[in-house]
Amino acid sequence: MEQHGERYERGLKALQHISGDTEPSVLTSLAGIAPDLGRYIAEFGYGDLYTRPGLEPRDRQLVTLGALAALGNAAPQLRFHINGALNAGCTRAEVVEALIQIAAYAGFPAAINALKHAEAVFAEIDAKA
Amino acid sequence: MEQHGERYERGLKALQHISGDTEPSVLTSLAGIAPDLGRYIAEFGYGDLYTRPGLEPRDRQLVTLGALAALGNAAPQLRFHINGALNAGCTRAEVVEALIQIAAYAGFPAAINALKHAEAVFAEIDAKA
Amino acid sequence: MEQHGERYERGLKALQHISGDTEPSVLTSLAGIAPDLGRYIAEFGYGDLYTRPGLEPRDRQLVTLGALAALGNAAPQLRFHINGALNAGCTRAEVVEALIQIAAYAGFPAAINALKHAEAVFAEIDAKA
Amino acid sequence: MEQHGERYERGLKALQHISGDTEPSVLTSLAGIAPDLGRYIAEFGYGDLYTRPGLEPRDRQLVTLGALAALGNAAPQLRFHINGALNAGCTRAEVVEALIQIAAYAGFPAAINALKHAEAVFAEIDAKA
Amino acid sequence: MEQHGERYERGLKALQHISGDTEPSVLTSLAGIAPDLGRYIAEFGYGDLYTRPGLEPRDRQLVTLGALAALGNAAPQLRFHINGALNAGCTRAEVVEALIQIAAYAGFPAAINALKHAEAVFAEIDAKA
Amino acid sequence: MEQHGERYERGLKALQHISGDTEPSVLTSLAGIAPDLGRYIAEFGYGDLYTRPGLEPRDRQLVTLGALAALGNAAPQLRFHINGALNAGCTRAEVVEALIQIAAYAGFPAAINALKHAEAVFAEIDAKA
């Protein structure tokens, strides 16, 4: 097995915390087709960016929810970060508020579709509980 | 002069606080071509949405920065909300962090261009001071 | 049950007309996760915007089809407004023409995908008839 | 000089009518870098698509305004079609209404920026008159 | 049956080569709802554009993969062109590299989702073999 | 001055080659507001991604032109990579062909605006020569 460096380990730890999963799905999902992209996500996306000290994880999740809900073309990642926002300390009500706010900046369809993803993520969590 | 209702007054007050301006530029900018849209922004965008109790103004600005930086096609509004984030309690360093985070979700160009807008907004503030 | 005001009632009536449904799906769909967003859609989206006197409902649907087909990331809303355009007076052939036109401004994929949604909406209508 | 066929001539005529210009700027603008793209725009964009019989020119302009305002990244083309909508029979008030409607589907920034373009196009027309 | 001209025949031949299919799915898919759009895709998209002599088919597929992966809202077309890139001479490894590169310009979600489509396309090809 | 590692040096060298500049503008441009983002672009964007062995630099530039032209909201980066494509071995005619191809996948406005950037980049190069 490939030896991973410090950036990877730091990123993996952050990714595990955000996902609430010891084997984050983004890494297993890419293992077959592009494992290096999975490694970059851990190293750069989380080891470099996400763990920078200047902004709290909860704040980074709010920025990310804004970005993904506005783009409206990345459903799996939006679902991942709706869950991630909860794991970083947002309440469900705050996630809902953040997504309602999107109506002003990207229109009603973006907000509606994001909220339907939130509803599905919350239901999955409840089903597991 | 048109009589405005409670939603407008609540929204205008929020807009004045975010913009640091008694006559927010978005309203004066639309006064000639579509004053009703300005009114809707105050009433719905701020009086209904922005002032909802479930999420702090600073958090709403972070969501908004994420949305506008990721869309990458709304420069005047991104600049407005970079300033707005500062007025809602973010530090300049936090705004910079939020925009660096965009690289992961919308790519380097979106992050670079947003940060150049932040640099320009900070310089304008310094020039006024 | 919550008392709704005049803007809501005016918007709901427009929404019922466009959807051909006394309980428009966008409202029932949001009832669980974000009923306030449903209320805003009725109040602002339809009560304020859609019912403005300066442009016919049919014309507003054409603008909306252009917007949603070009964005290409809001399938449920595009389907809703394909049906809405028919209810506002467009023929099926006009809806098809409007979506073919999108090829020039947003490329062939946007036009193709929008037309496949139109085909599905028309089939649903025929199945109900 | 290159001999143009029937599709080109039909498209050029439509383009001249929409632009109010015997030498439409999109063709002169591309003459140096990619004249063939200019030819395709005349032949396919206007000779094939725009002049199809099933939808009125005014209706096609409304669809186009919706598409370009929602995309928010094509300022020269949006300005061209704001003028084109007027030449196809829309009033200024109808153009403004169409662009206000965009707020519901693509957010306030898209609507604001499109309306500022409309204001500029109207001022250019007045300056020429 | 409609008589097709030289542009159509040239485009159809290119489309057959790219798709590896004598009846390309994009044409059959549009046959019910908008056969003219299918004809335009063959005539303009392939007969005019794709078969221009100045750039190799393989290069055009790389440009197309970049465009569709970055837009992130055209899954059927991205899958078509992942297969098309292989038929134009790219290896699977090159397609994977092209899509990993997207992370820099449109973010990780665009790259991840495009690569999952590539994985599915490769699996379909293997299942047929 | 900060000590940079191997990834940075490898990326900087690639960036210097693509830009034709010993001090690439993207790094100097970010030096004031977010030097770490500049570092990430060198390390991850070029040191990790761009220099991967599985796809030629010229091919990566074609993918990048496709992505940036289709997104249509990243003018400085599109100009950088139009120049980069030339430095990676594309002819001007090939760049023009790549951008004309965009009309099929993202519409005429995206292709037109990208080609006007190409015209400007070519003129800048000629002015320097």
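By letter and in written order, the chains are A, B, C, D, E and F; residue numbering begins at 1 in each of them.
Here is the rule we use: a contact is a pair of C-beta atoms (placed from the backbone, for glycine too) under 8 Å apart; a residue touches a chain by one contact, two chains touch by 3 or more.
Please read all numbers here as calculations on a predicted model, not as lab measurements.
**Q** Once the contact rule is applied, which chains count as partners of both subunit A and subunit D?
**A** In this structure, the chains that contact subunit D and also subunit A are B, C, E, F.
**Q** Using the touch definition from the top, list the chains contacting both subunit C and subunit E.
**A** Both-contact set = A, B, D, F.
**Q** Once you count every C-beta pair in contact for both, which comes out on top, B-E or B-D?
**A** B-D
**Q** What is the chain whose Cα centroid lies farthest from the Cα centroid of subunit D?
**A** Result for max centroid distance from subunit D is chain A.
**Q** What is the chain whose Cα centroid lies farthest from the Cα centroid of subunit B?
**A** Farthest by centroid: E.
**Q** Between subunit C and subunit F, what distance separates the C-alpha centroids? Give it in angstrom.
**A** Measuring from centre to centre gives 40 Å for this pair.
**Q** So how far apart, in whole Å, are subunit B and subunit C when each is placed at the average of its C-alpha atoms?
**A** The computed centroid separation for subunit B versus subunit C comes out at 29 Å.
**Q** Roughly how far is subunit A from subunit C, centre to centre by C-alpha average, rounded to an integer in Å?
**A** Subunit A and subunit C have C-alpha centres separated by 30 Å.
**Q** How many angstrom lie between the centres of subunit C and subunit D, each centre taken as the mean Cα position?
**A** 24
**Q** If a residue has to touch 2 or more other chains to count, which residues of subunit E qualify?
**A** Touching at least two other chains: 36, 40, 44-45, 49, 52, 68, 71-74, 77, 96, 100, 103-106, 108-110.
**Q** Under the touch definition given earlier, write down the residues of subunit F that touch subunit C in their complex.
**A** Per the stated touch rule, the residues are 103-110.
**Q** What part of subunit C is in contact with subunit B in the complex they form?
**A** Per the touch definition, subunit C meets subunit B at residues 36, 40, 44, 48-49, 52.
**Q** Provide the residue numbers of subunit A that touch subunit E in the complex, in ascending order.
**A** Contacts found on subunit A: 26, 29-30, 32-34, 36-37, 40-41, 45, 68, 71-74, 76-77.
**Q** Could you pull out which subunit B residues touch subunit A in their complex?
**A** Result: residues 44-45, 49-50, 52, 54-55, 59-60, 62-71, 74, 77, 93-94, 96-98, 100-106 of subunit B touch subunit A.
**Q** Please output the residues of subunit B touching subunit F within their complex, sorted ascending.
**A** 71-73, 96, 99-100, 103, 108-113, 115-116, 118-119, 122
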